[in-house]
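Sharing a structure, written as structure tokens. Questions coming.
Labels A, B, C, D and E are assigned to the chains in the order they are written; within every chain, residues are numbered from 1.
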Amino acid sequence: MIQKFANPARFIRLSQALLPWMAGLTLAFAAVGLYLGLVVAPADYQQGESVRIMYIHVPAAWMALFCYTAMAIAAAVGLIWKHPLADLAAKSTAPIGAAFTFLALFTGAMWGKPMWGTWWVWDARLTSMLVLFFLYLGYIALVNAFDNPARGIKASSILVLVGFVNVPIIKFSVEWWNTLHQPASVLKIGGPSIHPSMLWPLLLMALAFTTYYLWVLLLRLRGEIIANKIRVLRLRRVHGQA
Amino acid sequence: MALFSGDDLLCIRGERVVFAALHFAVDAGGALLLTGANGSGKSSLLRLMAGLLAPANGRIAWDGEDTGEDPERHKARMHYVGHLDPIKPVLTVAENLRFWAVLKTGNGAAAGGALEAFGIAHLAGVPGRYLSAGQKRRLNLARLETSPAALWLLDEPTAGLDAEAVAGLRNAIARQRSVGGMVVLSTHAEMALDGAEVLDLGDFSAATQMTPAAEETP
Amino acid sequence: MNRFWSIVRRDLRLALRQGMDSLMAVMFFVIAVVLFPLGVGPEPNILARIAAGVIWVAALLASMLSLERLFETDFEDGSLELLLLMPLPLEAVVMAKVTAHWLTTGLPLIVAAPLLAVLMNMDGDGFSVLVLALILGTPSLSLVGAVGAALILGSGRGGMLLSLLVLPLFIPVLIFGVSAVDAAISGFPVRAQLLILGAFLLAALPLCPWTSAAALRQALE
Amino acid sequence: MNRFWSIVRRDLRLALRQGMDSLMAVMFFVIAVVLFPLGVGPEPNILARIAAGVIWVAALLASMLSLERLFETDFEDGSLELLLLMPLPLEAVVMAKVTAHWLTTGLPLIVAAPLLAVLMNMDGDGFSVLVLALILGTPSLSLVGAVGAALILGSGRGGMLLSLLVLPLFIPVLIFGVSAVDAAISGFPVRAQLLILGAFLLAALPLCPWTSAAALRQALE
Amino acid sequence: MALFSGDDLLCIRGERVVFAALHFAVDAGGALLLTGANGSGKSSLLRLMAGLLAPANGRIAWDGEDTGEDPERHKARMHYVGHLDPIKPVLTVAENLRFWAVLKTGNGAAAGGALEAFGIAHLAGVPGRYLSAGQKRRLNLARLETSPAALWLLDEPTAGLDAEAVAGLRNAIARQRSVGGMVVLSTHAEMALDGAEVLDLGDFSAATQMTPAAEETP
């Protein structure tokens, strides 16, 4: 099974078939989700219209965490089973995950200004999200740091696993740090109960983000595979082997 | 059956096939001379033999047993001299050599005689930073004499050496072979070693062979 | 064991002979801390308030910087590939080098810390806990940093890249290190924080040499 | 002039091709600043009080770290001795390399600074002066740092030694940079501080390349 | 009178006298071969000639005028190839060469032909990181062909080169000499250059001569 998908040529064909589906699903989910979220759902009695930022912010935050997990799994598969496609998947996921993290931070800050009167507070959740962003950046920097792309992927696979062990530790320590100094009262968010008129668009947007991730991942993977092929062909020509 | 052998070796570096379908075999007391143009893969093959690189395909065996299976044992029976000279500028020549001798054998008694063999005994107290290119090379080669090892892997050992030092090296190789040791070395200079087999890496370059593995690496 | 100690001894000797290598981490530490009164202004109560944080951040940066060369010179002159070919496990080589590194930088840092605490006007109750927390925390920094140092080998980037990889991982040590000192100053118990720092160390002790060794093997391919 | 720009172009190209080299200094800058809230605690008023100092100290450290490799890779692969043998004055080579360095690290730092000011809760009045002061200050840092980078060549110490040489020289820039921002926040005039920063730059512009060139000649003996 | 000459040169490195009372002279179209055991001072002499080192005593003159007097002019008329290959891994072979050509001449037109001369024209688009030791050396030597220079200083130029590349270098040297250029090179391999003078550095080593400087340095 693994061997079957390991073959890049077959993957290219498979992804060719999947791409239109992913694109279509993304657009459909996003269209419905945005309509429900921006038009149908009511404004919050407390937060007003700014509550609609939630339909971007929350799915982006979820995807940020999801992408890091996906990267760690892909890296482990790549290291243990030497699966070339898994390596590339980890590498291709990193910029997407970083973008989602940035989006969550950015929309959070946009939301924070009207809600808390400040762009940023050093709250535990916000801080651990910022650290996650750094972990993404570190991964991207390391992947690109080497002359030899294969070495970059291997080194950064180790890094992402080390980072993955640390994420819960960081999260836990940041929470502890924060509650020691400052009461959380300012930052109480909404409540756990959420009205279905808000839940539906939220879930739809989350689905749209997920299919968007898969869509871009496929595109990036194809790009990586083709770039590798070009590089190999060019080298071979250059070394008089073609 | 040959004591040290490689079967159907494939080496990929920088996403490029360097050589493919390469076989080699060395017997006790034997010597293998690696030749070939620049970039043909001599250094790469020596790194494969040492276990610093893993072959993309094929296997390297000692006495029929895969060397990758018990790397610690393979390390213990081998001396490797690469392109670089691992010499610390602030340690003296004697200290540099002693460190490697202790790591290899657990104690560093034989260091003195080794310096003698390569004509740098008078430099024993000189810090590494004062050595010229050729003196560094001699010091690196002196490691060979600090402890017996069944297999010597030498990457262009004569680079930078003067005639006297080359003669010293040739003697050392002859001694090693006379007690049943093996020597694999790469060189551009002509190096006459009696009864040495020659392996021209040019014959295994990927120019002539197209392997499927080369097409599948992403 | 003989082999292990011979590596430790060599690295110590290298550090001592290379002039003031071990002193340099301390000096960076001192200078970085001293920049703060200059940047922030001399009010004693503000300085006291931020003292523990500034000292710990400076300690983090000093460890990080000194770790940069942990494997690099050995990598560049071919020593590292030869060490890999010696008949002892690479994990032991890493442990030996980390030990030597901590002895030459972590230890002097700990000795200098109380002095800086005085400079920063820190409350006297925090001193002993600061030292204790550093004793438990700095070996973890060295161990985690060794993984980063192994990962960046051959990239030719050094400190910059290392900091990006390693500083986020240092954050838990920073937080519990500071909070131990703050708790001591406010008269709260510090046992929990110190235990957590100790737990980090115990976890890093087997994991980090193993990961570093894997990264080093990668680098030498 | 053709030769001068060809060095600048090469260094820019090297920085861009080598992945995110130029971004790395900014990232270090950002992470170092972020460590402070983690160390000092999240109270907004304390953070606002130390914001200008922390940002400047982090900018100092980031410049210093990125300067470490200014000449080093060229030294190690023999490019530097060849540059010395080219028919243009070594001072021009230094100026070209410093220019490329500032474009790839100083400039991104300036762009990132307002963001960090937000994170540190800095008063909005300080933003524009912070940027102005950085525009005047960071080229001085690059120039002075180049002297340090030339002095440490071949010592194999890197960041550690450089920081000892260079950070004390950075202190005047730090003090006037911070005081300009503090003055702006308190509503005082900032002309004097900015003029002093400008004067430093004018003095460093001829002196530093000349000194660096002398140090480089030493290193290549 | 010789065009390029050195008089009574004394070289001190690492607080030790490397050679003393050394004289040399090269004429237009001439070649000087530096030989000598490891550590005898070949590299040091070449660095003196290039102006990278200052002699502790004596003077080096071009057409009777001290080269130290107008270093810019001396630099402009010389190509130096040292032990190291100044090649950036992320720049392509062509970009690497062009950079040095532009610095030397103000424009980089001649770069293409130079790659041809050393048999690496097919590598023009390859990043430096993919080159083997010998390929790097060839690229470094290709600088010689990008612009004419009256004086070539080559430190062990054949180290790491295969036979084909050595032949190419010998041709280049012959061309250089035929147009009245000079060549000084150090080597351990036998390098037959017709009419080349040989300077054995061993004859000037401090072993035979005790200078006060050697005794006074602490």
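Definition applied: a contact is a pair of C-beta atoms (placed from the backbone, for glycine too) under 8 Å apart; a residue touches a chain by one contact, two chains touch by 3 or more.
What you see is a predicted model, and the numbers here were worked out from it, not measured in a lab.
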Notebook entry, point to check: Touching chain B and chain D alike: which chains?
Noted result: A, C, E
Margin query: What's the minimum number of touch steps needed to get from chain A to chain E?
Written below: 1
Notebook entry, point to check: Which of the chain pairs holds the record for C-beta pairs in contact?
Noted result: C-D
Note to self: On a CA-centroid basis, which chain has its centre farthest from chain A's?
What the structure shows: E
Note to self: Measuring between Cα centroids, what's the chain most distant from chain C?
What the structure shows: E
Next item on the list: Averaging only over C-alpha atoms, locate the centres of chain C and chain E and give their separation in whole Å.
Entry: 45
Check: So how far apart, in whole Å, are chain A and chain B when each is placed at the average of its C-alpha atoms?
Finding: 47
Notebook entry, point to check: Where the centres are mean C-alpha positions, what is the separation of chain D from chain E, in Å?
Noted result: 37
Checklist line | Residue numbers of chain A (touch at least two other chains) | finding: 134, 137, 141, 145, 147-148, 174, 177, 235, 239-240
Notebook entry, point to check: By residue number and range, which residues of chain E touch two or more other chains?
Noted result: 83, 90, 129-130
Margin query: Among all residues of chain C, which ones touch two or more of the remaining chains?
Written below: 18, 157, 161, 164, 167-168, 171, 175, 178, 182, 221
Next item on the list: Spell out all pairs of chains that touch, sorted by label.
Entry: A-B, A-C, A-D, A-E, B-C, B-E, C-D, D-E
Notebook entry, point to check: Of all residues in chain B, which touch chain E in the complex?
Noted result: 14, 16, 36-40, 43, 83, 129-135, 137-138, 156, 159-165, 188-189
Margin query: List the residues on chain E that touch chain A in their complex, please.
Written below: 89-90, 122-123, 125-127, 129-130
Notebook entry, point to check: In the complex of these two chains, what residues of chain E are touching chain D?
Noted result: 50-54, 72, 75-76, 78, 80, 82-88, 90-91, 95, 99-100, 102-104, 106-107
Item checked: Of all residues in chain D, those that touch chain C in their complex -> 18, 21, 24-25, 27-28, 31-32, 35-36, 38-41, 46, 49-50, 52-54, 56-57, 60-61, 65-66, 68-69, 73, 156-161, 163-164, 167-168, 171, 174-175, 178, 182
Note to self: Under the stated contact criterion, what part of chain A meets chain B in this complex?
What the structure shows: 7-8, 84-85, 88, 148-150, 224-225, 228-229, 231-232, 235-236, 239-241
